[in-house]
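Paired with chain B in one complex and with chain C in the other, chain A is shared by the two complexes that follow.
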Partner chain A sequence: MRNTLKSIFKDGKFRLGFGILVFLLLMIFLYPLFVPNPPLEIIGRGTFFPPGVYVSNLDSVSGAPIYSLTLADAEAKRLASKLSLEDRAEMKTYLLAVGVPEEQINIEDTAALLALWAEKYDPKLNVKGMIFAKLQYYRRLNDKLVSLLDSEGLILARETDGVLEKTGQVLPLDYVNIGEVSSVRVLPLGTDNFGRDVLTELVKATGVSLQIGLIAGSIATAIGLVLGLISGYVGGWLDDLIMFFTNLLIVIPSLIILILISYSISQSERGPTTIAIVIGLTSWVWTTKAVRAQVISLRNRDHVNLSKLSGHSTASIILRDILPYIASYVVMAFILQISSAILAEASLSILGLGPKTTLVPTLGLMMNWAMIYQAHILGKWWAYFPVIVVIALITFSMNLINTSLDQIFNPALRE
Partner chain B sequence: MKGYWKYFRKKLLWLLITTIFAFVLNFLLPTLMPGDPVAGIVSRLAQGMSTSTGVKEIYENYAEQFGINKPIIEQFFIYVRNVFRGEFGVSFTQYPRPVSDIIKSAVTWTIALQLPAIIVGWILGNTLGAVAAYRKGPFDKALLPLSILISNFPAFGMAVILLVIFAVRLRWFPTSGGYGFDMIPTLSWGFVASVLHHYVLPFLSIVLITIGGQAIGMRSMAIYELNADYVKYSRFMGIKDNQIVKYVFRNAMLPQLTGLALSIGTMVGGSIVAETIFSYPGLGTTILSAIKGQDYPLVSAVTLIITIMVLIVNFLVEVFYGFVDPRIRATQAE
Partner chain C sequence: MKRTMIVLSIVIVLSMILGACVQPTAAPTAAPVVEPTAAPVVEPTAAPVVEPTVAPTEAPAPTEAPVAEVKAGDTVLPRKETLYFNGQQWGSVVGWNPYSSSNNNAMAIAAQDSARVIMFETPYIYNMMDGKQYPLLADGDLVWNDAGTEITFKIKAAAKWNDGTPVTADDVAYTWASHIKYNTQFGAAGKPYIENIEAVDPATVVVKAKLGDDGKPVNSMIVQAYLSSNYVIQKAWTETLEARIGAETEKFLTDPAEDVAYSGPYGKFFADDSKVVYIRNDNYWGQDASMWGKLPAPKYLAHIIYKDNAAGTTALQAGEVDVSQQFNSNVQDFWLKDNLPISTYLPEPPYGIGASLPTAFFNLAVPGLDQVAVRKAIALAVDYDTIIANAMTNQSATFTQVPRSLMNPTPGEQALYDHEAVKDLQWAGNDIEGAKKLLDDAGIVDTNGDGNREYNGKELAFQALCPNGWSDWQAAMEVVAAAGAKIGINITTNFPEWAVYQTVVTNWPLQEGYDIFMMWSDGAGPTQPWSRTQHLMHSMFAETTNNWNGNYGGYKNPAADALIDEIPTIDDPEKIKANYTELVKIYLTDVPSFTLMYRPQSFHTVNESVWTNFPHEGDGTDPAVPPLDLTDGYSIAGLYNLTLVNP
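So, the complex of A and B:
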């Protein structure tokens, strides 16, 4: 036993798969300790806020101590961020129209562009062939640029009875330390379509999906094991009956049966556990078939015959003489069942038949919402991509573990 | 050939049994659930209706159509009769279009997409797997983990990633649909070109997933065969390597063919979900909108059609298998 474990852990593929799985489990258990916020709390008023550090604007202006920093590139950065690519392109069009040679204009270089603009722009000039609306646009753009260059900063004022009273001023050199701002929220993966923190939700969803996999996998493996043992060891008409149903269910797509059952269960009753049980009840066929094949090859071995002659009961023979031989196989089947159950839940959820609950997220439900709100078309990668990665990591790690176990217990596959 | 006919008849009988079973499942699962489907339909349709006589009228109308007042056995036969007449009822979401009409157009799209994709994926996957087993070394070392990764990728995940890279970012291909939204299905060049343009991404996503799974299976099969006694014997006999590879490939491919027959249901299930990502006008998108719109007749019809399609393909693969594997004929002839 110890040697087997040793050789298992020596295998690179197993280590990789096991490592990924342990990492995911650690995330599920440790993350809530550091970020105790409820996973489905709606914090964003709006959809799909991009990932980043969110700092309270009010707190940073009024609460936090102010430091003056003179950073050489601060102004250029500020201008660059306020000058959109479209504006730059329009500025180039204007400059070309007033006769600046193209090679002198570099819209990437904000400082040079602004200098050129200040030199060449004349609000009174009527550029030939330019419509009035366009000229107005350039006037507005110019006003914006002038106010950008203004180094006065912003004035803070409070309104009392319609009179503004100056309470403070934000200067271009003012900085605050993020650590000293009272309200900061890090959203490493932004928010989803409901304004929920994606990472917190994802960690919770991974846990729930793994639970679904575990429940479904246990049910499927248990049914498959029992039926396979009966079918393989007892044989006779029981074997025929079980194999008949197994073969029937094997050719009918299990997703279809899942759809039919989930569709028939009313929405309010479709919790994660129900879905897990339904998945478990529909995915035992492969395990049954495989266990039966293994048991048949064991049934006539000498040690089994010896037990029979010694008068052991059928139950004890199955427990002592057959189960230990197929244990490794059953474990592998169990691992595969977990990963395929997680995939099944995701597929069902995408079709809108997943667990209908607002209390817990699952990976499939997150995917479903992201698809409904077109996150993939809108380029909101943080809403769907991490979910796909987690699903792929779970199934990948479990299949790696399975393949490496297979190579250890099935020497013919070794290189 | 006598053995083959016996095999064929057996498989045909099995097709019949599984089809009947599919009918039973499709009929029984929704009816066995708490609350009869008609009551569910009526409660959805009658939302906002104030007259109870109107609600009662709707209920009786549907009860009549589904034959819900009759004993369950009779209901089943009414159901089967309706299916064979092509009467799946009228869709709720696309009223007054009959369900059979919706299904007819969707089935064509799904078959045209999935059948070639699965066949191409199967052939490529098997070739890669066999090469990996034979060559070993770095090729095998790289291929195996990659295949495991790709084949365990959910089909919808692959679809989303392909969509985002090639349709949203690079804009090489359209993001959704089976043909341009400004086109009317005709046999013109423009339409065919548009269809092909929309076909690439859904096709690729299914092929890639299939390749991974098949390569893994073929690799272990081929390794197993390469260690078999007949290979060693052939080597002693001095038979050329090319010839041996041919034997090995043939022997390893046969179980893969049975594997294909058995796993076609799972593959179709996965691809159906992938279809919805591309809003491909096939059965996947149909069932998605049917589920969203609580369109009971359409859901029930699509699930039945998918099951029967899978059963028929499964049957065809097995018929073909019996044709290529002489052992089948030999065992049946005894």
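So, the complex of A and C:
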């Protein structure tokens, strides 16, 4: 046993696969300790906030200590963020359209450009031949340009009965230290269409999907193993009967059976466990076939015949003389069942036939909502790509573990 | 084995990535108006008939075709002569029969409050911007006689069918007679209120209202609305149809009517399961000075049949769609992030004019939900700002901007109730403490300590439902469910398929599990907000079958019924306002249902890559052209204002 384990862990592929799996498991268990937020809490008013560090605007102007930094490129950056080169070119187009001679326009000279703009731009003017969308663009641009060159910064004021009273000022040199702002939220993967923190949701979903895989895998393996053992060892009419059903199920793609069963269970009954059981109940056929084949080859071995002669019961022979010989195969089948069950959950959920949404997130449900809200078209990669990566990592690691185990246990493949 | 495993794992990883790129399966979001009969099986007779050439009456004027002539079925239409739509037509066209309501021919046939008038025309067209009905086939304003019992109007002398014959009063009268004779849904809807529609002479129509015992019309609003929501259909064609069907009267509604005569500016050019194209009738009567004075700008109106919203959005982004009537989430990204020449009616949120009120109904027969405290607590706790920001991506006014009532956000309706009088009853949502207090005061508390409240010893657990694939509604229901968790009421979501859903909610008693469910309520129209109020509260719709009107939850309140019934008979505006105020009070106190968001009548997003001068706020049109996709009611006027960006 020890030697086997040693040889397993020596294998590079196994170590990689196992490492990924352990990493995912650690994430599932450790992440909630550090970020205890409920995974389905809606925090964003709006959809698909991009990944980043979110700092409370109010707290940073009114609560945090102010530091003065004189950074050489600060003004240039500020200008660039409000007035890009494209914007300047567009301003030129507008100025030309309202009849300013080209030689008067210098888009390099910000101050002159802005002065000219302030003089010539009229939000009420319908420039001939200019489409409405463009006019709206200039209106928004004009709003941005207000106080662009202001070196005084912004004045904070409080309104009482319609009278503004100055309470503070934000200067161009003012900086705050993010660590000292009272409310900061890091959203490493942004938010989804409901305004939920994608990373927190993803970690929880990974856990749930692994659970689904584990339950479904156990059920499928258990059924497959029991039926395969009985069918292979006992043989006769029992074998015929079991094989009859197995063959029947084998010709129907299991995804179709899965879809039909899921569809017939109303969504309110469809919890993650129900889905796991359904997946488990539809994916045992190949295990049965394979186990049966292995058992048949073992059935007439000498040690089995010896046991028979010694008067051991059928159950005892199966458990003591046959099962140990196919155990390694069963473990590998189990691992594959887990990974295919996770994939099955994802495929079901994408079709809208997965577990109901409110209780817990699953990887498939996250993809489903991201697609309903067109994240893939709008380029909101953080809502679906990390989910794909996690699914790929899980199946990849399990398949790696499986192949490396196969290499160790299967003498035909042993190097 | 080893090799295959590696290959297999690569295949699985690849298939996952590919799988991620697959289009979503269920995408059409909740359309504001969905015909219950939409999407029937295409009848063989209605199968796309590819006409080798254009029918003579539809043929473009020969002088206008110096280059290669476009034939029906051509995949490429001249871009600068074609206005492309999306979000109207799902699935292929079944027929062209204006008597039927199951043509699945959304662009051509939609007899509704703002009737779609590109092909068939109504005597008047409704403008939701000012609430007025403007003459189309009719000549002169809509006026009642002094006794208030009948409307007389003349048909415009210029009005012609596409075959060149004049539109006459006989056509109007015969249309009504046929609606009654064949018991169409339009006839059935009008019959209780309209006594008869008669032709006095070839140009004069009299519409007689059905009178009550007091000698006044039963409902003058509905009589008046009939004239802007029901098409005038040619008598000669109707007679042809009758001759064709003979004794088989049931075929009157199922006939695909490929030969139908129409008076509108566009007719059929081509239709199959990938697109439907309408071509301008260059002899259209409306170019007469008595109507528009010119022809509408686009020669073709085309609607590609997209698989789902996502496909439609992509086409809009690519400039392949000019007018989009579909829910595009985060519509502002089109211009803010992608710098596309796309705009909406309003430049800032809510981007459109909210006209309809998607509403969550409570099933009042369910124990627990028969308690006002439970209903109101759920409604108080829901975070509407999140629904509006996340589900609707800000394409709705908030309930702080437009406090809840029975009215839509248009100024005309908002003026119909006393805002101060109901101020204390209106809620803006996310009031968890208020909701908890309400339940505690009503004695509905958590007695067994499991975190969930009980009523009469039974755990409060409900399902919140809406049709599958209607993404903004689904997201809204998720927010309702989240609110339940915060106040100790277990609410789970359930999204059945529309086919199942619609049968259940329109037929009392509701199936078990339909506790809280979403349906739309009426948009803008000449009978609003009266019809909407009636549909939301009147007991005549409570506990009925085949009920497409409203009050799906079975709410009954005689006081409300009396107030609603009284309104059409009142002349005094102050009294009408008092009645509406009282009704709003009752509605907000009893909470038989609650509005979740405001929604535009039609989504109206335009791409100015090819065409420009679409209606937008402050576009200087007088009367203002409503943002209804240039097809519905008075918005058709927008088709005459379009110009090319690069002529």
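To be clear about the criterion, the second predicted complex is superposed on the first by the 351 of 415 C-alpha atoms of A that agree within 3 Å, B and C clash if a C-alpha of one lies under 4 Å from a C-alpha of the other, contacts with A are read in each partner's own complex, and residues count from 1 in each chain.
Assume a residue touches a chain if its C-beta (ideal position, glycine included) is under 8 Å from a C-beta of that chain, and two chains touch if they have at least 3 such contacts.
Fair warning: this is a prediction, and the values are worked out from it, not measured in the lab.
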Touching partner for A:Ile265 - first (chain B), second (chain C), both, neither: first
First, second, both or neither for A:His376, with chain B first and chain C second: both
Partner chain(s) touched by A:Asp87 [first = chain B, second = chain C, both, neither]: neither
Contacts of A:Tyr384 with chain B and chain C, given as first, second, both or neither: both
Touching partner for A:Glu75 - first (chain B), second (chain C), both, neither: neither
Contacts of A:Phe194 with chain B and chain C, given as first, second, both or neither: second
Which superposed partner A:Ile256 touches (first chain B, second chain C, both, neither): first
Chain B versus chain C as contact partner of A:Gly44, first or second or both or neither: second
Partner chain in contact with A:Asn399 - chain B first, chain C second, else both or neither: both
Common interface residues of chain A - those touching chain B in one complex and chain C in the other: 266, 339, 343, 346-347, 350-352, 367, 371, 376-377, 384-385, 388, 391-392, 395-396, 399-400, 403, 406, 412-413
Touching residues on chain B, where the partner in the complex is chain A: 14, 17-18, 21-22, 25-26, 29-30, 32-35, 37, 40, 136, 140, 144-145, 148-149, 151-154, 156-157, 160-161, 163-164, 168, 175, 216, 220, 223-224, 227, 261-262, 265-266, 268-270, 272-273, 276-277, 287-288, 291-292, 299-300, 303, 306-307, 310-311, 314
In the complex, chain C residues that touch chain A: 1-2, 5-6, 8-9, 12-13, 16-17, 19-27, 309-310, 313-314, 329-330, 333, 335-336, 339-343, 347, 383, 385-386, 389-390, 393-394, 463, 468-469, 471, 474-475, 478-479, 481-482, 485, 491-496, 513, 608, 612-614, 616, 619, 645
Complex interface listing, chain A residues touching chain C: 40, 42, 44-48, 131-134, 136-137, 139-140, 193-195, 266-268, 339, 343, 346-347, 350-352, 356-359, 367-368, 371-374, 376-378, 384-385, 388, 391-392, 395-396, 399-400, 402-403, 406-407, 410, 412-413
Contact set on chain A toward chain B in their complex: 13, 247-248, 250-257, 259-261, 263-266, 339, 343, 346-347, 350-353, 367, 371, 376-377, 379, 381, 384-385, 388, 391-392, 395-396, 398-400, 403, 406, 412-413, 415
